[in-house]
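Labels run A, B and C following the written order; every chain starts at residue 1.
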Amino acid sequence: MRYLPLTDGDRRAMLAVIGARSVDELFKDVPASARLAAKVGGLPDHQGELEVERAFQAYAAKNLSPSTAPFFIGAGAYRHHVPSTVDYMIQRGEFLTSYTPYQPEITQGTLQYLFEFQTQVSLLTGMEVANASMYDGSTGASEAVLMANRITRRHKALISGGLHPHYRRVIETAARWEGFNAACAKPDAEGLEDLIAQVDKETSCVVVQNPSFFGHVRDFAKLAAACHAAGALLIVVVTEVISLGLIKPPGDMGADIVVCEGQSIGNGLGFGGPYVGLFATRDKYVRQMPGRLVGETVDADGKRGFVLTLSTREQHIRREKATSNICTNAGLCALAFTVHLTLLGEAGFTRLAALNHAKACELADRVSSLPGVKLLNDSFFNEFTLRLPKPAAAVVEAMANRRILAGVPVSRLIPDDPTVDNLLLLAATETATEHGMAALIAGLKEVL
Amino acid sequence: MASVKYSQEHEWISVEGDVGTIGITPYAQEQLGDVVFVDVPKAGRKVAKGEACAVVESVKAASDIYAPASGEVIEANAALADAPGDVNAEPMGKGWFFKLKLSDKSELDGLMDQAAYEAFVKSLG
Amino acid sequence: MVQSLDRSQGRIGGGAADTTAGPAPATFTGNRALQIEESLIFEMGQPGRCGVDLPEPPKVKDRLNGLRRSGDIGLPGLSEPQVVQHYTRLSQKNYAIDMGVYPLGSCTMKHNPRINEKVARLAGIGDLHPLQPVSTVQGALELIDRLAHWLKTLTGMPAVAMSPAAGAHGEMCGMMAIAAALEARGERAQRKVVLAPESAHGTNPATAAALGFTVKPIPANDRGRVDLGALKAALGSDVAAIMLTNPNTCGLFESEIVEISQAVHEAGAFFYCDGANFNAIVGKVRPGDLGVDCMHINLHKTFSTPHGGGGPGAGPVVLSAALAPYAPYPWIVKDGETWRIAEEGTKADSQPLGRLKAFHGQMGMFTRALAYIMSHGADGLKQVAEDAVLSANYVMASLKDVMSPAFEGPCMHEALFDDGFLKDTGVSTLDFAKAMIDEGYHPMTMYFPLVVHGAMLIEPTESQAKEDLDLFIAALRSLAERASSGTAAEAFKAAPRFAPRRRLDETLAARKPVLRWRPSNNPPEGDPMKQAAD
């Protein structure tokens, strides 16, 4: 078998050195009741590359690829063009097949790109310090709430109705089993929510999203002030990180912790994962921050180098007293993010953001001129909410039958609330085409 | 004259009147390696004997510090924030962690004196 | 208070200046042939440079609620060639599986096949949006279900939660399911204790504590395995679960595991199994037959998805019938001939514990793992476990006369040594590991598990040719012999000498954390252009 270098001759020679007659002797501690007579039954045998590739092509053929259809889906994951360079760099074996940089002398490649990544995340979010990434935005948001609970020694988190429903549910799950309270506001489709009155001396944090799940762009400076006056922290979530190329960053609004989903940069849609969580905070909270951190230092020759640092917060040292149980970061996804962002630079990143906004403005105008369709947003970045004259789920399904991927019905993510049944989320990125928009409009005209 | 007692967790307490100054022993700092950070309790906090009330971090380890006696924290060593290495350099001197106003001096009776502590350290091998 | 740590870890001056060899000749650039001193992107960028070509955006009236970003972000501009050169040069400073033996115990650094990368990137797989209508992603759902079927069959378990993003996340899932099951029984408040061996990976107690459990240690016997008598004594009506790794972190199979699981179940508790070491038994032993209630599987360990410099991982959790009802959203369901996703709002007969992550799970890792599994098949996976165990025992048998195995063999897929053989040599486990770097190897896992002094945990995996193992063994023998000579301590403490960096000052990094570049940071030492200008 192509991945197994040992030959039968090798195995015999090795057994001789060990002093065992067969490899099964080495499994002697396995209880007899659990010893299988042969390989595990009910599963096929090994296959060559050709057969494996064909099997996956067969899976792929049963799916509608966004590259072959007009595409307007967002809701927390966004379709952007990733330059070819990114994929080639991340597949270099020294990056792809390396491990966590626990031996810094021979992992300076990883450590340096993570240091650069941490800097980029700090700059984008307007915050003082960032970690070397989390699994994704949703788990990052949950960890941010736990961090706020630790810092304030309070147990009540206030969750905006503009937060992505999946993120809300992840926080609620943590609340339920890890023992704190998550008070969730009702879905804020109109963007009119005001949480200031609900912040009190029991509140550990308020979690908002900008742009919100429904697309609204808000200024949280007043909310930040209200939180700080009450001794609470403001956590701002950003699910479309490209928006930071055009919109005032949460750090400038007074956020204490910023969590982003970084997928839009460097990482394709991938049917939902793996993605990359960005996590940034103030210097004074750095010891309470979960996840890995890379820091600068010098080596024995006085040369600048990088190491994992402040590790004593983490599980392998603090064990039951750790800031989190997290062991991995998003590694290669963070590399893809930083390579792409480095290619973009200041000029490219801001231009990309402007392109996104322009496409969305155009789409919003065209689609809201359809009869019976109302645009709920005064503000948005590249995604907005429409109220349709009929339930959105059926509309989206009908459009899919026409091979048009016409956004996400809000009811898919908020299934238990009839007031959102007619709401449709539509996104337009720099990948949206004139042809695609025309097809969308024509299709909606038929279906609505 | 201050009297110094030691706990099995390698803390020392130097008592003068009602006030005990607490730190870790030379053996402890050597085990830890270079100290990088000390998390000291705030003045005003009341602690019980045996309660974890501070954390000392080195590069590769973090250890809880347990109050060798009950009392109220009256002062924490602010200099450690900029110079955690004081704990390594002078663990019994400028590397002190915090001072307690003791509530029950009889608790000190259960602690070791210098000779007993040195014998204890020897027994750890 | 503090476990066996080398005192020179992070100690300033621990990486002593090179006194044992003359200084290497200096170069103008500071480079050494293929080893290039690399600046930070912030030190390389120029305004006016960009690595992408994007069209000019049409002028639109902003709809940003007056919140347009003002001022520069501060990102450097680099052209595409510079970007390629920067990351290529960085990559050359990394050791990787692709270079050779990577003996990190408990990490399973096996070969990462490139067919995995190819199929993960296929159009219609790699570019799907998770929220596309389910009718447009039937192939994706079938793929996930196929992997789930393999994982359930290989482990002999009836259910699997696919969504956790990493092993530790899977532990959280499994322990939450246990908490949910206890709550359903009305026993959550009563059962607050979780038992775990002192040799457990740090994620185990961290996870349990996060869920409000108190962690109590289970002692090991002198054979390095769980002391069954002590465990039985500790099992009471206050125990929620035990968390065990099997084979354990000392590389040993828990021979009394069936008795352990029986005792645990009789006490009304659950058995969480940490599946990090599944590579030792995959295709040969089914954890379900051993009595586990849930086990997370590290797809990035046993099933070859790439470690990527630290992530991403994936940690699906197989579940017993008792825990299956509490699996989190979402999961895949087959209705007749069509697939759908069970998510919030769909009617479920079960009581999901909630949701652990947005969307459906680490699809990119599912695809890669399934490609690997299909490539090996049931016959190949059995061979994987056998070769992994054979290789580790070969290493142990070949080194036991010059190094000190912590326990009597045989071991499973990893060989554990302690620092007994270094006693009185002046060489620590850390020094020994750093000397391995100069020999061209990534060191083995050091100082884990904590129960052994100066632990060295070697996991060769099934991916190494015998000749490569023989060279590795010979190199370690040479190092062990040099250390035992008693006169080599200085040379060991100066290692590594040939790596891109010598030992780094971790104390400085922790005392004065510099966690990002700032414009005020000084340029790097030895910047040739700066020196030329001065």
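The rule we apply is simple: a residue touches a chain if its C-beta (ideal position, glycine included) is under 8 Å from a C-beta of that chain, and two chains touch if they have at least 3 such contacts.
Remember, predicted model here, so these are calculated numbers, not experimental data.
In this structure, the chain pairs B-C and A-C differ in their number of contacting C-beta pairs, and the larger number is found at A-C. Once CA atoms are averaged chain by chain and compared with the all-protein CA average, the nearest chain turns out to be C. Chain centres here are Cα averages; for subunit A and subunit B they lie 44 Å apart. Rounded to whole angstrom, the centroid-to-centroid distance between subunit B and subunit C, based on C-alpha atoms, equals 36 Å. In terms of their C-alpha centroids, the spacing between subunit A and subunit C amounts to 20 Å. For subunit C, the set of residues that touch two or more other chains comprises 506, 509-510. The set of subunit A residues that touch two or more partner chains comprises 312, 317-318, 321.
Listed for subunit B are residues 36-37, 57-61, each touching two or more other chains.
On subunit B, the positions that touch subunit A within their shared complex are 36-37, 39, 57-62, 64.
Listing the residues of subunit B that touch subunit C in their complex gives 9-10, 28, 30-34, 36-37, 57-61, 63, 84-85.
The touching residues of subunit A, counted against subunit B in their complex, run 287, 311-312, 317-318, 321.
Residues 1-3, 5, 7-12, 447, 506-507, 509-511 of subunit C touch subunit B in their complex.
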